[in-house]
Amino acid sequence: MQITPLNQLRGQHLEATLGEACIFSNVNFNLENGQLLQVLGPNGAGKTSLLRLICGLLPPTQGQVLWGDAPIESQREIYHQEMTFIGHKAGMRETLSAVENLQMDCALTGGNSEAAIESALQQLGLLQAATILVRQLSAGQRRRLALCRLLLGTAVLWVLDEPFSNLDKDASTLLHGFIEQHVQQGGMVILTCHHDLDFPHLPIEYLRLE
Amino acid sequence: MWQFLHKYGSPKIFYFTAGRWFRWLALPSLCFLLIGLVGGLAFVPEDYYQGEGFRIIYIHAPSAFLAMGIYSMMAISAVIFLVWRIKVAAMWICASAPIGAWFSFLALFTGAIWGKPMWGTWWIWDARLTSALILFFLYLGFIALQSAITDRQVGDKASAILVLIGVVNLPIIHYSVIWWNTLHQGPTISRLQKPAMDPSMVYPLYGMIIGLFLFYFCIAMLRIRCEILKREGRSRWVEDLVREKMARYRL
Amino acid sequence: MALYKLFHYELLTAKRSLHECLYPIMVFGLIVTLFPLSVSTDPKTLSMIAPGVVWVGVLLACLLSMDRLFREDWESGFLDRMLLSSQSLSVLILIKLLAHWVVLGLPLILVAPLLGLFLHLTYQAELALVVSLLLGTPILMLIGAMGVALTLGLRNQGLLLMILVIPFFIPVLIFGSSAVGSANQQLSVTGQYGFLAGLLLLSLCFVPWTIAGILRIGVAN
Amino acid sequence: MMANTITNFFHMGGYGIYIWISYAMGLLVIALNLLLPLWQHQKLIKTISKKIQQQRDVHETYS
C-alpha cells in the first residue's frame, strides 16, 4: 500500500447544527500522516455528526475542513479517492452476496482486483460466507464485511465510526492490528470509540467534544 | 454591495428594518388599493359586451398577476439564498409562499365567479385559469414540503431548490396548457385575456396591481418578523427585545 | 468499465427481488380496468377516453414505484457510500435511474398496448402509445426521482411526493395523451413526439445534477 | 335621482351578486393576510415571554 507524500487534514472552527440545536461549535483539529485521532465525548455530543462533517456528508454551518490546503467541497473526487468512511450502518446491499457487495465497492471507488477481495474476505474469516446473501449474515459478520472495505482501497485516511461495536474478540484484535499497521505505514485514522484504546507505541491525539 | 447584503443579511438587523419598511409602505399601498377599487367600481363606464360584469377583472387579473409575480420573486430570492447563503432570503421565501397561495386562490375564486354570469358555468377550462390552478398546486406543494421538513437548515435549501425546479417548469406548463387549450377549446376568444380596454378603464387596473404588490411587500415584512422570532427564539437579542416589551407592556 | 459493473449490479439487485417489478404493472392494470366499470363500456366513449386513462395509469404506476428508488440505500447506508465514491455523483444517479427505468419502466411499456386493447384503441394509437411512453416514462422517472430526493426520510413520503411532483408531470401528460388521441383519429403525431423528446433531453441533462445537489445538502442525515 | 343611482350601483345591471361576492372575497383575503401575521407575531411574543418567565422562576427557586 503505497503512501502518497505529506497529507494533512485540518478542521478550522467547525460548527454543526441539527434542527434547532447547535451540536458543537469552534472545533479545531489537525491530522498528519502517521497519526491517530480519537474523538471522545458523551453520547449525543455530536461525534457521529463530526465524522460525517469531516467526510463531507454533512455541510458545516460554520468553518471548513481542509484536505491539503483546499476545502474538501472544492476537491470532492480527489478527497474521496483518498478516504474511506465506515459508519454505524454497514452500507451493504441486502439482496447481494458479500463478494458482489465488495465488487460493487471496487466499482464505486474505481479500484478493481479480484485478488484483493479474496484476501480481504480471507483475512476477516468471511471466505465461507462469501456467497451467502448479506440478508442472511449476522450483525457481526456484516460488521466484518464493512471492515473488508478498509483493506480493499488505497485510501490514506480512514474515518471509522465506532468500529469496535458488536465485534467479537478476535475480530477486534484483527481490526486493532489493521489500524496499527495502517498508521505505522503513514496512514491517518480518525475513529470514535467508547472504551479507551491501548496503542502502546502510536501517537494518539484526543479530540474532546462536550 | 457585498457589505450591504451581509449587513442586512443578519436577522437581528433585518427584524427592525422590516418593521420600518412595513410602516413606511403601508400607507401608499392602501391608497393605491383604494384608487383601484373605487375607480374600478364606480367611475369606469360599463363594458360593451359584458356590461357591469367585467368589473370583476379588477380583482381577478391583478391577483393572478401578483401570484405569478410572487413566485418569480421567490425564485430570485432562492438563487440569492443558494448562491450567497443569506438567511434572510430563505425567510423571504417561506414568508411569501402563503401570500402567493392566498392570492392565487383569490384569482381562481374570482375567475370561477366571473364564469357564471358570462358563460353560465362555474368553472371553464380556460388556459389562464388552468395555469393559475396549477400555480396554486405548486404553492400548496411548496408549503407542504416547507412544513414537512423539521430541520430548518435542510428545509430552507430543499425548498429553495424546489422553487427553482418550479420556476424552470412554470413556462413549460404554461405553454403546454395554452397549446392544450387551443387543441380542445377551439379558437374561441378567451374573454379572460385582458380584453382590449380603452385608457379610461385601464388606470384602476394598474392602480390595483401596484397596490397589491405594495401590499404583498408589507405583508411579507410582517411575516418575516414572525419567521425571525420563530427561528431566533432562543438567541439573546430576542429575549432582551421581549423583556423590554414585557416591561413596557406592564407599565 | 466500472460504470458498466455498477449498472450490472443494480440490475442484479433488482433481479434478486424480481417479483417487486410486477407491482407497477398490477397497479397500472387495476387503474385501467376501473374506468370501463365506472364510465361506460360502449367502444366509442372508451376509445375517446382511452389515451388519458392509459397515460394517467402509467403516471400513477411510475409514481408509486418511485418510492423504492432511494429508500433501501438510504436505510442501509449505501447512499452514504454513493455520496463518498470517487465517481461523480450525477453519473451514479443516472445509472441508478437507468436501471430503475429498465426494471420498472419497460414492463409498463410492454403491458400498455395490451391494456390499450381493453379500451378499443386502434392500431396506430397503440403504436403511438408505445412510442410516447418510450419517450415519456423516462421523464416521469427523472422528475419523480427529484421529488424522492427532496422528500427522503420524511414522514408520509409517498403522499408528499405526489403533491410535489404531479404538477411537473402535466406537460408530459398533455403531450403524451394528445399523441395517442390524435393517432387514434389518424392525425399526424410528430409534433407531440418532438416536444416529448425535447422534454426528455432537457430533463436528462439537468435532473441528475439537481438530484446530486439535493442529496449533497444533507437531506439524507 | 340619488336613490336609484345607489340601488343600480348595487344592482350592477343584474350582475351585482357576482361582483359583490368576488369583491367581498378580495377584501376578506386582504384582511386575513393582514391580521394573521399580526396575530401570529403577538402569539410568538407571548410564548417567548412565558418562557422567560419560567426561566426567571426556576432561577429564583434555585438561587
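Letters are used for the chains, namely A, B, C and D, taken in the order the chains are written, and counting of residues starts over at 1 for each.
Just so it is clear, a contact is a pair of C-beta atoms (placed from the backbone, for glycine too) under 8 Å apart; a residue touches a chain by one contact, two chains touch by 3 or more.
Fair warning: this is a prediction, and the values are worked out from it, not measured in the lab.
Looking at B-D and B-C side by side, the one with more C-beta contacts is B-D. The chain with its Cα centre farthest from the Cα centre of subunit A is D. For the pair subunit C and subunit D, the distance between mean C-alpha positions equals 44 Å. Per-chain CA centroids place subunit B at a distance of 17 Å from subunit D. Here the CA centre of subunit B is 33 Å from the CA centre of subunit C. If you average the CA atoms of subunit A and of subunit C, the two centres end up 37 Å from each other.
In subunit A, the residues that reach two or more other chains under the touch definition are 18. For subunit D, residues touching at least two other chains: there are none. With touch defined as above, residues shared between interfaces to two or more other chains in subunit B number as follows: 151, 153. Contact between chains, as defined at the top, is found for A-B, A-C, B-C, B-D.
Within the complex formed with subunit B, the subunit A residues making contact are 17-20, 61. Listing the residues of subunit A that touch subunit C in their complex gives 18, 52, 55-59, 77-78, 80-81, 83, 85, 87-96, 100, 103-110, 112, 133. Taken in their complex, subunit C has these residues touching subunit A: 1-3, 5-6, 9, 12-13, 16-17, 72, 75-78, 80-88, 92, 216-218, 220-221. Within the complex, the subunit B residues that touch subunit D are 33, 37, 41-42, 46, 51-53, 55-56, 59-60, 63, 99, 102-103, 105-106, 109-110, 113-114, 116-117, 215, 219, 222-223, 225-226, 229-230, 233, 238-239, 242-243, 245-246.
Those residues of subunit C whose C-beta lies close enough to touch subunit B in the complex are 146, 150-151, 154-155, 160, 163-164, 166-168, 170-171, 174-175, 178, 195, 199, 206, 210, 213-214, 217-219, 221.
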